[in-house]
Amino acid sequence: MKQLKSFIKKEFFHIFRDPRTMLILFGIPIAQLLIFGTVIKSEIRDVHIAIYDQSKDETTMQITNKLLSSGYFLLDENLGSTEGIEDIFKKGKVKEVVVFESNFGEKLIREGSAHVQLIADASDPNMARLVTSYTTGIINDYIRKLHPNLEMPMQIQPEVRMYFNEEMKSAYMFVPGTMALILMLISAMMTSISITREKEMGTMEILLVSPLKPGQIIVGKVLPYLILSIINAFVIVLIGRFVFGVPVTGSFILLMLETILFILMALCLGILISTVAKNQMVAMFFSMIALMLPTIILSGFIFPIENMPEILQWLSHIMPARWFISIIRGIMLKGTGLLFVWKETLILIGMTLFFVVASVKKFKIRLE
Amino acid sequence: MNTKVKHNNLSPTGENPGRETGPIITVENLVKKFGSFTANDNLTFDVYRGEIFGFLGANGAGKTTALRILCGLSTPTSGEVKVAGFDIYRETEKIKKNIGYMSQKFSLYEDLTVAENIQLYAGIYGISPKKRKAKMTELLKKLELEGAKNKLIAGLPLGWKQKLAFSVAVFHEPKIVFLDEPTGGVDPITRRRFWDMIYEAASNGITVFVTTHYMDEAEYCDRVSIMDAGKIEALDTPAKLKEQYNAKNMDEVFIQIAR
Amino acid sequence: MKTILYILQKEFRQIFRNRTMLPMIFGVPLLQMLILVFAATFEMKQIDMVVVDKDLSAASRELVAKFEGVPFYHIAEAVQDETIGEKMLLNDKADVVLVIPVNFERNLVRNDKAQLQLLVNAIDGNTAQLIFAYSSRIISSFNQNLVAEWKGIPEFTPPALVKIAESYWYNSELDYKWYMAPGILAILVTIIGMFMSGMNLVREKEIGTIEQLNVTPVKKYQFIIGKLVPFWVIALFDLAFGLFIAWLVFDLPIVGSLWLLFGMAGVYLISVLGLGLFISTITETQQQVMFVSFFFMMIFILMGGIFTPVESMPHWAQMVDRLNPIFYFMKIMRMLILKGSGFFDFIEEFVSLSVLGLFFLSLAIWRYRKTA
């Protein structure tokens, strides 16, 4: 027991004496949260557009004015013909060209309709859709305001209630996701690299020869990262709550318990990776490619799972992060308790057990 | 009892004819500090051409620090150092052309073969491919390692790695070769064989600067210096030191000094 | 001069002898292209709706039928009790609940107004907005038809109507994959350039073989070139391979000049490699390299416009992005690949990228010392 204690102490010192790693360990979640919270937005603002106005009458001027004073658009150029369109797109600044047909105002009054063409640069399709939709909205609003008295009979008025996230804050999406990501990063990646490092440096042999049992070695290596992860999770929840207003609607204790479960799962996964990886570079690459990127992309963190092709939806079932994010969202945002998340919890437990058994098996084989 | 094959540069009294041409390494008041810790405290000594100069001391005494400074791997805090006639501060790169080095970890690339390692270092020192191939064949024959030519270093036994690391260090026939604890971890017989290689190099005119904490290896050197806590406590031939301290072997000399 | 060749020979040998290297070089782009690009999309495939129809009138039934008729709306359940609907929102079994109150039809006819409720799971604000927008549009279209049917007048249209035609250039299908693929490739190239080269260098430090080289007459710049060039080559190769797969699997067109593309990638790699090298000079272990690199990479990627457009970011972020090589590279890549922009179209970005590259590389070379 004493040996184990001193071994664990050594592992702790190892980590805490390394200021760079500590900085990064706590710096990454904070930086990530901040960036997501302040930088990643999908609204539009100051989008450069060009206008090809073939009428230049009062109506088109008014519409143009409305577009430019909305705050969404900035006028880059007034085109004189369709020739310049390709060049202007190629330069990359202008995202949309608005083309008014000739005699716009007249046609609107006489014939009851006039044409506008919106040409959007769809190299960013999301942006293109947003831009055309905002433009359309503004133009339609203009038309509606021309005839304020006209109201449709039998109006259906849909009322919307946004559940769990009334203000539709993006933080609600990314705080749970960040938690999952950071915990995976610390627990799985760092553990696997730390153990693989001992292998690579040759010091693992020394440990194996010592009176410490292999199980104790693993515990010693893993314990510091367990503690670090828990602290980190706590910090993320705190920042989420006090900086971004993400509440913990459900039971805080349940939240932490589930978090610890996830951390354990990730740690075991890290151990498994370390039994397979030959050196640190491999461990890192494996963790990065097989864990990190899929976790970010397939877990529902940023991109909704339901939007993905069937195969990928199936694939996301084996991503532990997917279940964890589901659990956190449930507890934090929906206020659900164990009754609702028992299925996901069981899955996480199952995964943890699987990793443990697999690691033990692999470890034994290596020793022989 | 070990039989020493004496190389012929040293006279029976242990004096080096090379002394006439001047020392090949001069160190004067060398100080190396790491923060407040002084690893080398005012070291002064010379090494003569063709000598086998042993740098002894317990672990942590400062031997490796001093050796690394002489190789140009580390800059002194103060003091004058000249290696092969070049100043350590201003002509470091010139020094490197004239020295060889073998570190504690043997430092051959484990994931390259014997031939590939030799090809790399020979190339770096400007040895032509033709000459390299000839020398390599000769070397491997002498070491009785012909079969290992295309084997990865990782798969070789420790003793072979040692021999190869040394051979690579002197492949380009440098003026001086620095050996940092070269005989760690092998049995006494292998160590003995290794020292045979050192003698051969010295007899070919290569000055050998070797650090070690094995006191019996001190007997193999022409002159030794014993370091303790950053200072040189003794510097002379083994014979004279044993006389001076009334000791039967270098172990006893060391114990008395380190006390 | 020859020294560099010997060093490069050694580096390439070591890299390819590493058994995991080859599958990684081929496997990773393949994986990323196939999985990540397909997964990274905001396009909605299906909306799961629960209908709570308390009215059960002709109008309400027609409305429900209309929703049923829309291909990507899937009516999960039709119930009478909205708490069931709410439960399904909690369970993630429904994305939206449509609640049609009692007297819906009567209110429409008698009072000219009727309300209904849409309960949306708003955790993902983006998706929630889209769901609301689609649903409202369907309801509004239903509304217009209803008025036409019941009041016997043709579809109610305002007296003045602007007919808006939308046309999308360079990506007429609005295929999100075409937007994501260059981004994912950029990430791939960055990982190889920053991570792998940095780790490779620190590995030599950790193991000790770097000393053996430091003692030789090998010059600083020769050693650095030896460490960077192999990964430069591998990264470019992977870029080519990735592009090929993208073209094969989802028809990604490459409108611009391939030479220019690789040229720009080469320039970009210099900054990335320089940064990786610099990181390796300020760290001692591979673990540290990994973390510091990850830290920078993550910030660069998130802010670089790979997932979300830079133009939507707050002003200060756009300022910071001036130092972000990925930002320039992404712009150039997308412009080249999708629009066929020429060199002079992005000369500004090219200059910035070169300046950054030289800066990082010089920083790294200055920091790397053979002597401690």
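Each chain gets a letter, A, B and C, in the order it is written, and its residues are counted from 1.
Methods note: a contact is a pair of C-beta atoms (placed from the backbone, for glycine too) under 8 Å apart; a residue touches a chain by one contact, two chains touch by 3 or more.
Just so it is clear, the model here is predicted, and its values are computed rather than measured.
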From chain A, how many touching-chain steps at minimum until you land on chain B?
2
Quick one: point me to the chain whose Cα centre is farthest from that of chain A.
B
For the chain pair with the highest number of C-beta contact pairs, give its two chain identifiers.
A-C
Separation of mean Cα positions, chain C and chain B [Å, integer]:
57
Euclidean distance of C-alpha centroids - chain A vs chain C, Å:
11
Quick one: which residues in chain C touch 2 or more of the other chains?
18
Quick one: which bits of chain A touch chain C in the complex? Just the residue numbers, please.
18, 20-21, 24-25, 27-28, 31-32, 35-36, 38-47, 89-92, 95, 108-109, 112-129, 132, 135-136, 139-140, 143-144, 146-147, 150, 152-166, 168-170, 172-173, 185, 189-190, 193-194, 197, 200-201, 278-282, 284-285, 288-289, 293-294, 297-298, 302-304, 306-309, 312, 315-316, 326, 329-330, 333-334, 336, 340
State the interface residues of chain B toward chain C in the complex, per the touch definition above.
71-75, 92-93, 96-97, 99, 101, 103-105, 107-112, 116, 119-121, 123-126, 178
Touching residues of chain C toward chain B in the complex: what are they?
2-3, 5-7, 9-10, 13-14, 17-18, 207-209, 211-219, 370-372
Touching chain A in the complex, chain C uses residues 18-20, 24, 28, 31-32, 35-36, 38-46, 48, 86, 89-92, 95, 108-109, 112-129, 132, 135-136, 139-140, 142-144, 146-147, 150-151, 156, 158-172, 174-176, 178-179, 187, 191, 195-196, 199-200, 203, 206, 282-283, 285-288, 290-292, 294-295, 298-299, 302-303, 307-309, 311-314, 317, 331, 334-335, 338-342, 345-346
